[in-house]
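Multiple structures are listed underneath, in structure tokens.
The following pair of complexes shares a single chain, subunit A, combined with subunit B in the former and subunit C in the latter.
For the complex of A and B:
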């Protein structure tokens, strides 16, 4: 297996997908299916952010912009045109990719701190455009009226089960693609930039171009997550593009582990599970979440997966 | 967009005075918060995401102190001093553990504090909005300056904030402590090697920053209502101010805060829906043309 990491990833992805798709055949649990749907969106969102943060060393505070962009682009396309769902989804992701390219072209030349702030500023600008362009986006009420149900290849996303299957397939395929990008020579170039940008530059890497590519790819995958989120809520809300949402993705990345590919997925799982469990017992979700984060940040000092990997040095990543 | 209204406003002195006053009050309160952010960043290289929490808690402490003592002066002072103390504890117990680690780890610790204290405020003071009310001495008809409405309390607030800006500026440039702080911002190792207790110095910087934010919260309480989460919006704005003015520059923070305040004051007339958007555009333009900010030093 050692010689074929790509095959191993493929096998793992196939097994996970089969298990997840098989679960409803044995046991129907709306809460679990709900969880997986939300996890699909958030896992893509957080993993795409980690392509920037963990792989390239670019700390973006405004990644939620592309999540929200994907959701709005998809929901608006579905509402305003007669396009089928896959076409609308691809169009939405393409638009998000273009937006990420434009924003990235402006941002990637700035150094770390300023990059974080300018991405935040772009996200907040996008958020204020959503809020103020009421005729198009419905303002702070969000885009209501639902997303029309149309079938894809004879497969209609009407029921929760269908949405569950669709989200699981998209998320696993998306993560597999991201994994492939991470392990490719391009992914290694990004890690080289993270570790020593001068050396990377001397070796002939055009820094801004590689960073812009990473930023655009990350935006595209966040857009896919946004499409799933729009399907789940059957609409789009400004909160998707607000900065606490970017914060959620950063938490997921940090909680799960910045140096492990599946870290952000685990982090997203922890955050969602925490949300579901804690809100059942107390209204003070923030208090509990804050204490958990503090315990992680000051106790483990790194994400869960990174911690496990360091604790078991015998196992390579 | 309603540029006609903006033009009409700029043509009458009454409207100009009214909007300038409201812009100045926003700007000066913002400056008090942003000064702490920029000071802490300048010396400790920590972006304090929990600074809005100091502002919020300062307001709430003042609210409670007013109920207990019935004195506005004592209320404002207790808000400021409580937050100076809180700043020291925050630095010693939490922030000092993440010096030198990843920026995101620092962000995580600060944001955890924001989440915790927003809920603590809900538990202690309740989730509903509180209004503190103006001091009785200022419940008088507003002044009319060139036809514009200026409530006397606003004028006093602007005066107090301006006074603090002057004291802060002079303190940093003239006193021994201020010079040490500025030296530590440039080279903390050297300052430490010269025998200055930098651990204490960092705590003092947090005390000053926290105290200023608490003071701003306490001063703002009669003008704005108190609610859990009120620290959030002022936090974003104080970051914008810090970035525009230049990270670490107090003078820059003052200028940028006044600019943001005035954009807000006049923006509510010219483009009420898009005031926030205008501010973000200003921030983006500044970051692109002068990443180090208006008054910042190039790294």
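For the complex of A and C:
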């Protein structure tokens, strides 16, 4: 098994998927199912950001733009056309990918600080367009009227259980694809750029092209997350594309661990669970979240998975 | 090391179990849980807190009378922070994991639309929106949900009533040159346009010579006030509300704005009045909630009971939440059930007695929104009762023009 990491990843993904899909057969918990649906969207979003932050060393503050883009593109396609759900989803992701390619073409040549700023600027521009273009997007009220739940090859995702199954499958396949990308020679190239871009350049890597590819792929996966988020809230809202949402993804990456593939997934899990639990007890959610992040930053000094890996060096890869 | 970890794991598991125990225990109790979500933190927390206060009074009253179906009721309050996707999540959580059997959605409009979609999606829970005034929530048949209702003012009703009153007033005082000043987001822009549309219908010679669109929560209105004064309009219409309105009036007083033009606003509420240092007399104002309108003992008694319990006066949102519970109470009494479809069938077309009704009653129309609530316009006075010479709106005219508007929008 050790010699075939791709097979090992595939086996882990299959086991996780079987377990997640089997849970409702033994115990129906709508709360758990909702959690998994939201986690699917957030995990893809945060993991795609980590392809930039953790793998390539590109800190993007505007990644939420593509999450919001995916959500709006999907919701609008479903509302305005008669296309089936998978076709609408693929179209939405394709549009998001194209948007990421265009934005990336402008951003990736800039140095780290300016790259972070310009991604944020693009996100604010996109957010302003959503707010201003009321006739299309519904402005600050969001896209209303619901998303028609059409069948996928006879598989109707109107019920919560079906949505849960759909999201779990999409998320696991998406994460598996991202994992494959990060472990591929292309992923190795990205890490080489992160660690020493001059050396990578001398070895013949065209830096801007590799970065643009990473940026576009990350945008595409964030778009898939956005499609799942739109299905969950049955609409699309400007907050999905706003900068605090990018901040959430950055928090998830930092909390879970920047150097571990599953770090952002764990971070997303912690953030969502924290939100769900804390808001039950207090209206000062922001204060509690701030304290938790402070504790992680000052106490562990790294994300949870990175901390565990370092604490158990024998198992670190 | 492994022994320590095991012990820690056991301790953590035990602690988690202890933490979870009350939730499990509570879920098994006979109490009927009612989910309420709103904005309970941040600059417009008053929306949620004044709704919550009113619901807690209702909770005590209903429980003292034996609860719903013989079960005591208990509200579960959640703060959406005004974010639609969080509002959607909370609705699902309230129903799916907290076990709420009825919903009160006290969100602002953007949140309410998100809640509406979830309620439609779930299909098995009754929900009453208590604070969203955006007409399309129930007027647009594509957005209306089978088990969701609205007990609140509606933008189009207020626009018709206000425009008729202001057109009469403007004709009597010969006020033709107007200015507008409203918050720069969907509510401000859409509702201003709606008021102007009806206003021009009743008084075609009216002319808007300038408009100002301050940002929501803007602390300094100097630029806006000087722009308005320089344009020299005869009258100003503003949709600023809550803290923005009181800040505008306080800063406008410094520039003597109120002596230079007549000002009209539909958004004066008790907390706004409390935050204004010197309330200028003669502002033409709607009554969102006023103890003296309708001038009945029941209305006065409710307002005083709220003041006594919370040491502050109720808002417009407070009475709306109270009436929502009256509708639930009557529907449950009629159907003897909590089934969403049965409740929906009972609620549509229901008429209840209410201290906040124009004629002592409020009706839940078949299109899932309330009509017949008190709408009046009068003028401000610095001392209690703060708004005097209140003229009640003509509901016949409101419904006639609302129907016309619905046809224009292709809703009917």
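Keep this in mind: the second predicted complex is superposed on the first by the 317 of 317 C-alpha atoms of A that agree within 3 Å, B and C clash if a C-alpha of one lies under 4 Å from a C-alpha of the other, contacts with A are read in each partner's own complex, and residues count from 1 in each chain.
Assume a residue touches a chain if its C-beta (ideal position, glycine included) is under 8 Å from a C-beta of that chain, and two chains touch if they have at least 3 such contacts.
Computed from a predicted structure; not experimentally measured.
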Subunit B versus subunit C as contact partner of A:129, first or second or both or neither: first
When both partners are placed on the shared chain, which of subunit B and subunit C touches more of subunit A: B
Touching partner for A:111 - first (subunit B), second (subunit C), both, neither: first
Partner chain in contact with A:232 - subunit B first, subunit C second, else both or neither: second
Touching partner for A:141 - first (subunit B), second (subunit C), both, neither: second
Partner chain in contact with A:102 - subunit B first, subunit C second, else both or neither: neither
Touching partner for A:243 - first (subunit B), second (subunit C), both, neither: first
Partner chain(s) touched by A:284 [first = subunit B, second = subunit C, both, neither]: both
Subunit B and subunit C contact sites that coincide on subunit A, given as residue numbers: 131, 134, 284-285
Residues of subunit B defined as touching subunit A within the complex: 47, 94, 97-98, 101-105, 107-109, 111-116, 118-120, 122-123, 236, 239-240, 243, 247, 273-274, 276-277, 280-281, 283-284, 287-288, 291, 299
Footprint of subunit B on subunit A - complex, ascending: 53, 59, 106, 110-114, 116-118, 120-122, 124-125, 128-129, 131-132, 134, 243, 247, 250-251, 253-254, 258, 284-287, 289-291, 293-294, 296-298, 301
Subunit A to subunit C touching residues, read off their complex: 29-31, 33-34, 38, 131, 134, 139-142, 144-146, 158, 160, 229, 232-235, 237, 239-240, 276, 279-280, 283-285
Parts of subunit C lying in touch with subunit A, wherever the complex brings them together: 40-41, 45, 78-79, 81, 83-85, 88-90, 92-93, 95-97, 109-110, 113-114, 116-118, 120-121, 134, 136, 140, 142-143, 185-186
